[in-house]
Every structure is written in structure tokens, then in C-alpha cells.
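Have a look at these structures, which come just after this line.
Here come two complexes built around chain A, the first alongside chain B, the second alongside chain C.
For the complex of A and B:
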């Protein structure tokens, strides 16, 4: 089963130019499914980095604008897009020139995988 | 100051038997009104928790409650409790997830595939079809 999920993610990864990594983790950054190219930055895939999203989401919800759903961060070389799919966190790491809208559109495409993997984490 | 003033003003009014004169205020003093409202609110909080417990404890618990609510609503990035997993804890949890992923329902993931563009496997057949006759094209164009 893990292989099938990996294959689907790999297909998506190759179809989006300059997308380097798709990560599905829990709130603490523990990987549930992961596909990366050799261009993906190692520090961006660390659980310490990904878990900060959980904290940001909690604090962001205090601003009175509703629940935080997506966080887009642009760095000088990379862009990191994180989506709140409680109890999962969906992370995309791409190059700066990658089409952000294209990555955002992947949310619907990944919905079946996310809903299935949510059960994996929810059991804990 | 506003409160004091309204107090004397009320005195004035009572001494004149409620008559309207040059000292009578046109508007009701908003400060004293607010004071009353606030007092009612704090009393509400106190009375909400008062069930056979001494009054001082009630007051303390009400204050603690307010303090706690305030603390949870404040965004203090410096004081955030960043719980980081230990390496062995991380690996253990990852192994657990791997095992559970193996048990996932395969059909649910594979049947919901949807793409904007659909694959056409027999392109030769479509391309080898005879083109439209000139008469047909003429008929479509004359409108």
C-alpha cells in the first residue's frame, strides 16, 4: 500500500515543474508519506522545521481571522507551502520559480490520499 | 472625576425636586453608567461560580479564570512551548505509521483519480478518419 501511495505522489511530483518534495506528516513532523527529488533541501524536510507549522497555526487562529489553512513561505531559493489537513500536515517544497497556483491546485488531487492517511494518524 | 460630578449633579436634581434649570445636564453621565455596567459584569462572573464555597476563593478562582483566558488569547512567540521529539521517539512513531499505512484501503485511493486532460489511447484511429467534405465545410461556414 505504501508503494502505491508513493507512486501516486511520485507521478504528481514529476508533473509539476520545479516541485522538489511532497511530504505528508503528522503535526509533530513525523513522516507518513514522502517523495523527494535530489534537489530538495534537507533542512526543509526535517521534522523540527515542519513541526513549527503546528505552532504557527495555533497562534494564527488567535488573530480573529478564523482557522489557519495554508501557509506559503518564500525564501531566496525555495518556496515552502504547508496545508493544514488536521491531523495531517501537507508540505510542498519547490524552487522559488515554481508556479504556486499549480501547487495549490494539488490539494484536491491529493484529497483521497489525505482522507485515507488521516485514519493512520488519528488512531494514535 | 466624572463620577464625582454626576454625584453632585444628582444631589442638585433632588434638591430642586427634579425641575429643569440651567444646571441640569442634557445628557445622562456616560461614565457613571459604564461603572454600573462593569460592576454588574464582575458580579456576574463571581456569582456564576459561587456554590457553597467561601467568597474569597470564588473571587480568586474568577480572577484566575480571567487570567488564564487572557493568557491563552495572547500571542507570545517567545514563551511558546516547542515540544521537539527525540530521535528514537520519531523513529518509533514512523515505524508505527508505516505498519498502519500497509493496512490502508487501496481501492479508495485508486478509484478517485481525476485529471483535467484524459488520455486517448487510439490516436491513429481518430487521425485516420476521412476529413470533412468541402460541401459540409461550406454549409457550416455559410451562416
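For the complex of A and C:
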């Protein structure tokens, strides 16, 4: 199953221009599936960076706008899009000029993979 | 801010034969959609406009037209800002919308 998922993610990665990395992790930042190009920033894929999303989600829920679903961060060179797929976190690392809307549209495409992995994570 | 965009969208939709319109920014994020247009398509539409503009790098604002038997979908990047929009309408009213 892992190989199949990796192949699907790799296909998506090549189809979206300037997308460098797709990561599926748990809430603590432990990697479940990961595909990256050589352009991906190493610090962005680190355990500590990804797990910060969990904290941001908790803070975001205090705004009174409901559960945080997506977090988009623009940096000087990169953009990081993280989606809350509890118990998993879906992370995209792309260059700043990458089409954010196109990455957001991947959410539906990745839904079957996420639900399959969520069941596995929930069982363990 | 949204009010003026809403007004423009209403104006576009009031044209005969227009079924929907969608605005997105340069990052492919949907700014607004009305009628038979889905704001979730904003990313794909922006990607199409970007790809088409690479065909002629000196002319950065191409108009892309998709036609089928009953409808036409036009994608246009507006020069003055980084906003694009797509409308689904017959070609005859194109002049009205580009004013």
C-alpha cells in the first residue's frame, strides 16, 4: 500500500509546477508518507516544523471561527500549506510563485488516500 | 471591498446569456464566484491562464476560450491588477465585458 500511495503522490508532485514536497504526517509531525523533489527545503520537512501546525490549529480554534481546516504560510522563497485531516496533517511545500489554488484543489484528489491512512493510524 | 467586486459580478451576470463568473488572484485563490461557477475552480483556471501566457511571453494577457456545443468559457487576465476572471457566456457579448 505504501508504494502505491507514494506513486500517486509522486504523480501529483510532477503535475503541479513549483510544488516541491507533499507530506502526510500525524499531529506530532511523524511522517506517514513523503515525496519530495531535490528543491524542497530540508528545514521545512523537519519533525519540529510540521508539528507546529498542531499548536497553530489549537490557537486558531480560539478565534471562534470554528475548527481550523487549512493554514497557508507565505515566506520569502517558499509557501507552506497545511491541511487538518485529523488524525493526520497534510503538508505541501512549494515555491512562493506556485499556484496556491491548484494546491488547495488537490485536497479532493487526496481524500481517498487520507481516509485510508486515517483508518490505519486510528487502529494503531 | 467585496461590495465593489459583488457589483461587478452582478453586472457581468446581468448580461444576456451569462451563466456565471469567477474572479481569482494571481495565487489562484478565489475572490468570488456567482452563478454557475465554482470558486474551487479558481486554481485550475489561474493555472490555465499561466500556461497559456507562456506560449507568447511578450503578450502576457491572453484570452483563452473553451467552447462546447452550448456554452463558451472565457478566461482573461486583467492587465491593471492581478485579478483574472472567467465567464461562461456567448461570444457576442465579449465587447461589453472588456470595457
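General remarks:
To be clear about the criterion, the second predicted complex is superposed on the first by the 123 of 124 C-alpha atoms of A that agree within 3 Å, B and C clash if a C-alpha of one lies under 4 Å from a C-alpha of the other, contacts with A are read in each partner's own complex, and residues count from 1 in each chain.
FYI, a residue touches a chain if its C-beta (ideal position, glycine included) is under 8 Å from a C-beta of that chain, and two chains touch if they have at least 3 such contacts.
What you are looking at is a predicted structure, and each value in this text was computed from that prediction instead of being measured.
Upon superposition of the two complexes on chain A, no clash is found between chain B and chain C, which fit side by side. By the touch criterion defined above, A:51 reaches chain B but does not reach chain C. Once the two complexes are laid over each other on the shared chain, residue contacts for A:116 go to chain B alone; chain C is not touched. Remark: in the superposition on chain A the angle formed at chain A by the CA centres of chain B and chain C amounts to 80 degrees, rounded in steps of 10. Shared-chain residue A:73: touches no atom of chain B or chain C.
More residues of chain A are in touch with B than with the other of chain B and chain C.
Annotation: superposed on chain A, chain B and chain C show a minimal Cα-Cα gap of 10 Å. Chain A uses no single residue to touch chain B in one structure and chain C in the other.
On the side of chain B, the complex with chain A involves touching residues 73-75, 77, 80, 82-85, 90, 93-94, 96-98, 100-106, 108-110, 112-114. Residues 24, 27-30, 40-44, 46-47, 50 of chain C are the ones touching chain A in the complex. Here chain A touches chain B in the complex through residues 1-2, 4-5, 8, 26, 28-33, 47-48, 51-52, 55, 59, 62-63, 109, 111-113, 115-117, 119-121, 123-124, going by the rule given at the top. Remark: chain A residues 17, 99-105 touch chain C in the complex.
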